[in-house]
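Before we start, here is the structure in question, set down as structure tokens.
Naming follows writing order (A, B, C and D), and every chain is counted from residue 1.
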Amino acid sequence: MRHRASLILGAVLVGLMAAAGLVSLAWTPWPLAEIDVLNKLAAPSAAHPLGTDGLGRDLLSRLMAGAANSLSVAAGAVLLGGGIGTGLGLLASAWGGRVEEALMRLCDLSFAFPALLFAIMLAAAFGPSLLNTGLAIAFINVPIFARVARGAANQVWVRDFVLAGRAAGRGRAAISRDHIVPNIAAPLIVQATIEIATAILAEAALSYLGLGAQPPAASWGRMLAEAQTLLWVAPMQAVWPGLCITAAVLGFGLLGDGLRDWADPRLVRRQA
Amino acid sequence: MTAPLLIAEGLRKTYPRPRRRLLRAEPPLVALEDASFAIAPGETLGIVGESGSGKTTLARLVMGFERPDAGCVRLDGQDIHALPPRALQRLRPRFQMIFQDPYGSLDPRRQVGWSIAEPLRAAGITGRTSLRDRVAEALEQVGLSAADAARYPHEFSGGQRQRIAIARAVVTRPALLVADEAVSALDVSVRAQILNLLMDLQEAMGLGLLFIGHDMAVIAALCDSILVMQEGRVVEAGPTARLITAPAHPYTRALMDAARGETLTRGAAP
Amino acid sequence: MIRVEGLSAALPQGQALRDVSLSVARGERLGLVGESGSGKSMLGLALMGMVPDAAQLSGRIALDGQDMTGATEAAWQPLRARKVAMIFQEPMTALDPLVRIGETVMEPLILHLKMRRRDARARALDLLAETGLTEPEAKMRQYPHQLSGGQRQRVLIALALACDPGVLIADEPTTALDAQIALRITDLLVRLSRDRGMALIFISHDLAAVARATERLAVMYGGDLVETGATAEVLANPRHPYTQGLIAARPRPDPAMIRKRLPVIPGTVPTLGDLPRGCRFAGRCAAELPRCAGTRPAPWPTASGQAACHLLEPAP
Amino acid sequence: MTRFLIRRAAGFVLTLLAVSVVVFAVMSMLPGDPALSILGIEASPEALAAMRSQLGLDAPAPARYAAWALGALKGDFGTSYAFRVPVGGLIAERLPLTLSLALGAMAVTLVLAPGLGMAAAARHGGPGDWAVMVLSQIGIAVPAFWMSILLILLFAVRLGWLPSGGFPGWDQPLAALRALVLPVIALALVQSAVLARVTRSAALEVMRLDFVRTARATGLPRRRILWRHVLPNALIPIVTIIGMQFAAIVTGTVVIESVFSLPGLGRLLLQSIANRDLITVQALVLLFAAIVVTANFLVDLAYVAIDPRLTGRQS
């Protein structure tokens, strides 16, 4: 029952954020970069539902554009890094032996570099930009997915139906494609959902530090950094972007939790 | 007597054990030592033993999933471990396997028909209609219906799943079937059905059967001859009738005791 | 010692137990036989007050004269180990891996019997020795992973005996063990039951094991108690068609039976969701009457017990 | 037992070595010329070459690595390009602040989370469980730096109880502690949410195991089963997460120090990046990675203390 509620609430939050982001690509209530110094830090009104920021830009418009940036970078990075990592994990599992051992040692080593630290290093090296932030997050996801995919695949490789496939005369590649991938898809989708939540947090933190999205691009993390200087004058400026981040992360987290319960083999076994 | 279908000669298999000390290697675990036997076409050989007796290792060697350290397995006179992978793959339709756990031996995400057709596809048979006909035929052979091909494993009971696994194993019309604890997970009333089905199929198709298990009663009911294994070694072998009436090795006698239970006096306490 | 009257257990998927009545006398050894879904394990758990939360119980359970019908967890807890104890199928996972054998066996002695550590240690040693564990003194200091399956089952038996219960329920105690070890554990349970005058409820799917261990037999199918009686009598002369089918379908190591077709019970063991309304065996029974599917048969007396089958109804 | 420890210790040292190689390699591949950033773009080519050789940059890479790694072992990380003082000194000045932040946050987390998680597991499905789950789900979703800003809004801007940022120095202990309260809470709340959830699910996982049923059948009271049998068995996943959390907290300080303008290692890292002070960045990254690796090693040691199955003999 609880996972049903998680699933629905998560889907609603993610859907809302994604919709806001998508709409912002075509239309926002106000032009994103329109500066109106006379109207800065305006209170919410019919014209500006959430008011304006320190430069008089419409807050709602910028939050919507922030959703587009945040979600696309997070999802894109996880898909890219996750895809590569999954491929490597599958390969390691199918091959076994030295290949597997070497790949897993590399993963262990990469876990010595905390994700945020690594992203900071990359941002420092290649200059701060949203694209580099995304690449750094993608890179961090490679070993995570390699490990999860390899672990899940190893559990499938020892199942009898894989042995039956081998007895039938099928090769490693065919078995990986026909048996392993479909059977590890569920845990990987769950992992991806959860990693997207983590990626949104990372992107926000990097942008807050000035290492991610650069002005005038709208980004939740950047908006928070700007709002912090105005805490004494306009506290609500610091509330909205944070709420957006929390809602997006919460949405993906709940979605992942709900999916995990839904995909739990124990539950499936019980229904069967 | 006809030429044997399967010959296993002097099979030995060891597994490395983790080191306990840094500099001294542990002696390897001997899973199987000098096992030899032969099966004629249509014949049934039972291998009885307990966990750690090496019987599952034996099945894996016969199926070519692992290579022996010494000895060889010949099917139709060909050493399957010496064959190049392609040639072994071409030989696969001749020998198939059924497993213990009917819940684990079918891919839960594939329709039953897909799983049954898998050995055919691997053998290069790809025509849609010919695959469908062969699957239907196999399903009917094991007492299910052609319509079951479109259903998923979780829609079936344990006994029915084992029938499906058998259908997959016989769909290529093999000469040899290897069954590893194939009825151990089944309820008594269903187990008898599966044993009968195996005997029917053998007689109809001239199938040789290597039947591996731990329950002497089951093995004795099904097999022409029996090999008793303990700790990787063959401790006794012979025709079933001789082995169950006059077991020579104490371990065989213990297995018989366990199998006979109800014919003993009640509560035979030491 | 134990009296069960009209016990039913309803799970969300279906009825796991239906109107089961059974009693076990002091020192008696009862075998509870059935296939998967027969309700035998559920019955065992009910006698410990340990049915899953989802199960709705009705009917009466009395333990040593004490009425436990509808008792709470708090009411059951003091009876466990002291009045009725239980061991389970899987000895490999049934012991806390982080606790030494000695501490495990001493825990109920200290907690329930208020023994001092030194006394508890001596008593635990005696108990382990009584179950035939070799080198019990050394084993006291070891962890479960250092013991084999058979040794662990002996430790679990010692643990169950710690507070000298009147009844020991053994749920498939030998199923996970190799044949030779299984025989020894079975014989050990019989000996302990005799020596201590302790009732033994031996739950198993294996007729051979039950035949060896028990003097009375109860056969279950689909949540019903279908037949009871003296073990030897039931095995030699089963009255219920299911019992007959079950015994016949069992392969025997007999030279005359090699590669002979076994008599089978047709169909599959029904799941809780699709049990017939009347006799649970309806649909698979060779001697089925028209009323079997709809009307539940009453238990009729047999030579040494009862069998619930319309065929046994005395002619009017 | 000793074999396990030796293997883990060897692994620890090897990992540290590999980490240092990776850090060095990545930093040497980065674009940017330290000599140029020190002397400015108007410097003559000769002056640049002289500066490079003075910095040891003209030696081959393995030699440079060896010199750097050996120095690092002795606490000598070279001279900061930007501040023109030894990097080791820069780090030593700022380390106490960052460590107090991290250890403080870890301590608060350990006080809050495991109890909450166990309590939730004990009341599985009840309202208490539900409340812990909802709160922790939200807690995980809140970014630590936003949590910091909200705390500042409440306790500094609205109530004025605590400072909104800055650090007075350790010579004013009371003021220093007051300055650390909000950052520690901000770091700890998020991690507590994670740990409470992990504790709960680990405990529930253990409660499904056979030996818990044995304990019930032995008539042990619920409370005793929970604390004596469930908790110790749940500790392995819990300790694993604690190790990972320490790493997360340490990197989290980079952001939190920035929010509260605290002069710790994180601030130094960001400043060094802004100044393209590569040698300082290199030392800091190595230090952070070393802290993470050490935390993981300590977790390994904790496993040995918890689980007798790891200590050798048979398994």
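A few comments on the model shown:
Quick note on the criterion: a contact is a pair of C-beta atoms (placed from the backbone, for glycine too) under 8 Å apart; a residue touches a chain by one contact, two chains touch by 3 or more.
Source: prediction; values computed, not measured.
Interface comparison, C-D versus B-C: the higher count of C-beta contacts falls to B-C.
In this assembly, D is the chain whose CA centroid lies farthest from the centroid of chain B. Centre-to-centre, using mean CA coordinates, chain B is 54 Å away from chain D. Look at where the CA atoms of chain B average out and do the same for chain C: the two points lie 32 Å apart.
Interface of chain C with chain B (complex): residues 29, 35-36, 178-180, 182-183, 187, 190-191, 194, 205-215, 231-232, 235, 245-246, 249-255, 257-266, 268-269, 271, 284. Chain D meets chain C in the complex at residues 209-211, 213-222, 224, 229, 232-233, 306-309, 313-315.
Of all residues in chain A, only 159-161, 163-171, 174, 178-179, 182-183, 268-269, 271-272 touch chain B in the complex they form. Here chain D touches chain A in the complex through residues 15, 18-19, 22, 26, 30-31, 130, 133, 137-138, 140-146, 149-150, 152-153, 157, 164, 247-248, 250-252, 254-255, 258-259, 269-270, 273, 281, 285, 288-289, 292-293, 296, going by the rule given at the top.
By the touch criterion stated above, chain B contacts chain C in their complex at residues 44, 50-51, 157-160, 187-193, 195-196, 199, 214, 216-218, 220-224, 240-241, 244-245, 251, 254-264, 266-270.
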